[in-house]
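Labels for the chains are A, B, C and D, by order of writing; each one numbers its residues from 1.
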Amino acid sequence: MADKLKIGVIGAGRIGKIHVENIARFIPQAQLEGIADIKLSSEQESWAKAMGVRIISRNPQDLLKDSTINAVIICSSTDTHADLTIAAAEAGKHIFCEKPVDLSVPKVQAALAAVKKAGVKLQIGFNRRFDHNFARIREHTLSGGVGQVQMIKITSRDPAPPPPAYVAVSGGIFLDMMIHDFDMARFQADSEITEVFAAGAVLVDPEIGKAGDVDTALVTLRFANGAIGVIDNSRKAVYGYDQRVEVFGSKGAAIAENDLPNTVKLYSESGVTSEKPLYFFLERYKGAFVDEMIAFTDAVLHNKAIPVTGEDGLADMYAALAAGKSLKEGRPVKIEEVK
Amino acid sequence: MADKLKIGVIGAGRIGKIHVENIARFIPQAQLEGIADIKLSSEQESWAKAMGVRIISRNPQDLLKDSTINAVIICSSTDTHADLTIAAAEAGKHIFCEKPVDLSVPKVQAALAAVKKAGVKLQIGFNRRFDHNFARIREHTLSGGVGQVQMIKITSRDPAPPPPAYVAVSGGIFLDMMIHDFDMARFQADSEITEVFAAGAVLVDPEIGKAGDVDTALVTLRFANGAIGVIDNSRKAVYGYDQRVEVFGSKGAAIAENDLPNTVKLYSESGVTSEKPLYFFLERYKGAFVDEMIAFTDAVLHNKAIPVTGEDGLADMYAALAAGKSLKEGRPVKIEEVK
Amino acid sequence: MADKLKIGVIGAGRIGKIHVENIARFIPQAQLEGIADIKLSSEQESWAKAMGVRIISRNPQDLLKDSTINAVIICSSTDTHADLTIAAAEAGKHIFCEKPVDLSVPKVQAALAAVKKAGVKLQIGFNRRFDHNFARIREHTLSGGVGQVQMIKITSRDPAPPPPAYVAVSGGIFLDMMIHDFDMARFQADSEITEVFAAGAVLVDPEIGKAGDVDTALVTLRFANGAIGVIDNSRKAVYGYDQRVEVFGSKGAAIAENDLPNTVKLYSESGVTSEKPLYFFLERYKGAFVDEMIAFTDAVLHNKAIPVTGEDGLADMYAALAAGKSLKEGRPVKIEEVK
Amino acid sequence: MADKLKIGVIGAGRIGKIHVENIARFIPQAQLEGIADIKLSSEQESWAKAMGVRIISRNPQDLLKDSTINAVIICSSTDTHADLTIAAAEAGKHIFCEKPVDLSVPKVQAALAAVKKAGVKLQIGFNRRFDHNFARIREHTLSGGVGQVQMIKITSRDPAPPPPAYVAVSGGIFLDMMIHDFDMARFQADSEITEVFAAGAVLVDPEIGKAGDVDTALVTLRFANGAIGVIDNSRKAVYGYDQRVEVFGSKGAAIAENDLPNTVKLYSESGVTSEKPLYFFLERYKGAFVDEMIAFTDAVLHNKAIPVTGEDGLADMYAALAAGKSLKEGRPVKIEEVK
């Protein structure tokens, strides 16, 4: 392969822009060749021009058929991910695809099959694996610092709920929100989830309940290696984005607390006050968005293993589907049941 | 009632000695009148004499029939708690009884009935409600600081497992260890547990598994007020006694971290190191043992409500039994099923 | 010596009561034999009776001439310390004397001479050496954890200033307040102070300025071993008693933060709030008051070295006097100048 | 002025590169027009070309005489700062100059006079004012959160000493290292330093002593507004870059701790371990380097006040010179003495 990865980006929304700017700023070994968005606004067009890209288009095919481009980043709407992944694979492009690949298991399987057949690389956008805190926990686990992993605890709470209309089409709390945590759980346990039990409640917004979803959830996990775990989600933590992970084992525990915007404490008559956690994922995972793209670029350029594969995305999805089934049926559900 | 509570202590083991010494040191409104232990050693007898108590005996009846004594503290072996509670109630004594009252629900019910009939007060030794950290969380909840309670998370890990022989007679992890956490959960939620789901594993000591118990457990909770919760237990945290509580609600979260023996941090080339948490319950709940006794003395002397009632003890026991049933049957269990 | 230290306490004020109650509660190897206070109130008399002491008197001589008593604790008013120390030494009693021995160097020297001549032990009440945090720092230094000591920083701020009338007779901020910090500095440096430079200001209460003192001070220190240091004092920290120590050396730094009443943090929309430091010395140094008395008892009973000697008290006083001279003359002052 | 600031950078060493890359990545309202370095290597030339700048030269005059360029950033060697500042001012360019402007007061004064005469803006590179922690402290002070400022404490320790050869030409610890802290002190006090007293020692490297400098220093400060302060410096903290600031006042204290690379704590049998502070200024002040340039760009483009003026740089230098004189003469020195 050439010494630089030539990248096309499909989808110029919020996350697409972040990837584009991160590549331009921080990844000298990648070259941005094109941006395509089927609803490209004049504002987006101006921005793309300012970024100096060669191809600006409303048709993703313009990127796929360009022979210079080696890899595409798919950040268009979720319902287009699977088809674009298949098309990109058939065009011989390596693929970075935002999560989820799709909300339907057969479509995801079809996409993975196409990727496999084409022999291209596929990385899924589970950015949290690259977070400085969670990556450090993983190091402690790998180095033996926590011994045999026995328990994993993940707290993941958003600062504010999405609109109920979004909730209805998002696949629900397990496929839309907790799927990140299932991925983190598998990552930290270094083992597959085999069974889940979900407890959920509508405590934040009754409209979310009317849309058929819950906004507060606790899911118990069993892993193939014998460890157990728990994930808690809330759609609304008034104090900001609450993202904590704890791995407990035979030799100790590694615990990651939230990131704060600064270290200042104000001591006054009424107590000691510090800042709230960083507001939301754009702030908290700023560095992780860069690092996942560096990892993708590096894996493709130097033919290394992809750090978050399509199979990971599928396994996370099975866990989410099992959690949904568990909540609905009020019983623990084995992953095998939803495959 | 007189201006001082006249107390007899039944059982001169480790916890009995702590209560006796706490009363002598810190509770001027209580007067220690007698100590009885059916297996009183000569060493215990010397100690009791040094404490200056009037009655030293191998027969608890000597305390129950003494007309000066108003209240007894029952810290003998668990299998005697229910009978002694009944006998003390019939003798008109107020009762502080260590947990559990018994491992059999009918015996507990009989004891509570005797207490009710006699019109005496009964406090159960769930000392953690009096811990400075957990009491502070409760204050934040009561003052509205966390808003409507939505989720409760409790971590409770021992520094080292008990001998497998003990595990066999203790009633198991839920009745022996997690029962403290069920009580804490009900205390912080200010609501009854209605359903539990237990996940457990034998990860610490295979002998515990052979004894028919687990040593690692995660229990999901549902409360009558709609909140959900989770408790995690391990029989062995190599870094010491891990006792944390988190209450999450519509206006925020109150989180209690572990107590450390000192605040010193050592900054060196290899990192920043601080102390492990306090070793075990005697160190961590030192103040709570005093405060629960002050509360009992105060409630009896001034005819106030008892802060941890026999009904609390029974409700905690139902939760523990339901958790055991859940683990055995691999399904969520409603509290109603075990009543 | 007998297996128990027989103690008489001179002075039944606030600190005298603390020592008496600590001995009764926590030091089984000590026996309280008598309490004397020249202004003993009927309330104090009742309290002393309740403590069960044998001699209750308005005349300290009643303790000094009692042949059973081995040791006295002097907590009467400062102006009586030196004379009582001399009298106790002449009576062959070991002595624990509250700081300062006197505000006059010759009187202190006379007291130390009497102690030396009598061959009794004398411990000065610099309780902070026994604080769990500061003692831990010392352990890190002794074990080589910080390497060669290069810098010592001490923050010591009171929650509220004393009445200006007290300031006038107290000897001023250096002899009354910072003397504890000079002792801590010498303790942590394991070296003598050789020179000081004092900067001071009246920023808290103009009345303190009118009384000829400052209420805010920063003193730079030089030690015989080459290290340098700084102490800062304020008579008023609205957030409570601020007591921190930092030792910096060739291998790292050991830093003690304040003690808080509990570990709870409240996360809310307005930030994360925790408790203020413990209010004042009675709360913060509760354990240190016990531990200094245990150390004294142990040193006398088993003929061990006294942990805070009269010579320490004198050296601390020289530092305080040099600081006062430095502030007055606006120049660094060598300790030799005030000897 | 145009809607974009057209910038030329003089000096393509480590700090010059950082400014260039920060402008390219993060400051869309600035346009990099040229880079000049009198010793431009072929490697630097390639880099400059890759950055897409119009003028690449070994002669700073090529930037000064270019009519498009509005502003220059001076990051060449210290001995050229004053002359380049004068030349840039005469060429009508706004100036961002790295600290120090010069080690000679008359040369600095001449540069400031040229700037004044030309009516251009001059910002000095005291980047720490823009640090997220220290800026937050300043906000607390400005908002009244700490009340009247009474005491300022600054800790500033490098991870490793510079080569002794550098020390000799750097101007010494006060002009080279502590000058940042004098600036921070004036910034946080919002008041001028009026007197200093310096204590220093050679404890890190005897070669530094042979070069006529100290490597460990404590400087006491007096401010015009009555506050007092202290700065401590060490050339070597084995645990990394130690950068802390504390402002204490009538209503409380604002305290900034070090930044850590992540929040993970490892709990093990041997204690609780977290990461060391970020290694050195490039890591710790990464964001501050960006923010100072944003502030400069904004001040020039919109004719706002410069946040760190030449007069600030001169005042910081007077404090450093007074500290040097104080150390040499062993007495407090008034700033007036060195003007």
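Here are a few things to note about the model shown:
Following the convention adopted for this analysis, a contact is a pair of C-beta atoms (placed from the backbone, for glycine too) under 8 Å apart; a residue touches a chain by one contact, two chains touch by 3 or more.
Remember, predicted model here, so these are calculated numbers, not experimental data.
If you compare B-C with C-D, the chain pair joined by more contacting C-beta pairs is C-D.
Separating the CA-averaged centres of chain B and chain C is a span of 39 Å.
We define each chain's centre as the mean of its Cα atoms; on that basis chain B and chain D are separated by 58 Å. A straight line joining the Cα centres of chain C and chain D is 43 Å long.
With touch defined as above, residues shared between interfaces to two or more other chains in chain A number as follows: 237-239, 242, 251-253, 267-269, 275. If you draw each protein chain as a dot and join the dots that touch, every dot ends up joined to every other dot. Those residues of chain C lying in contact with chain D across their complex are 147-148, 150-151, 153, 155, 157, 197, 199-201, 203-204, 216-218, 220-222, 226-230, 232, 234, 236-239, 242, 248, 250-253, 330-332.
Against chain C, in their complex, chain B makes its touches with residues 24-26, 132-133, 136-137, 140, 145-146, 251-259, 261-269, 275. Interface of chain C with chain A (complex): residues 237-239, 242, 260, 267-277.
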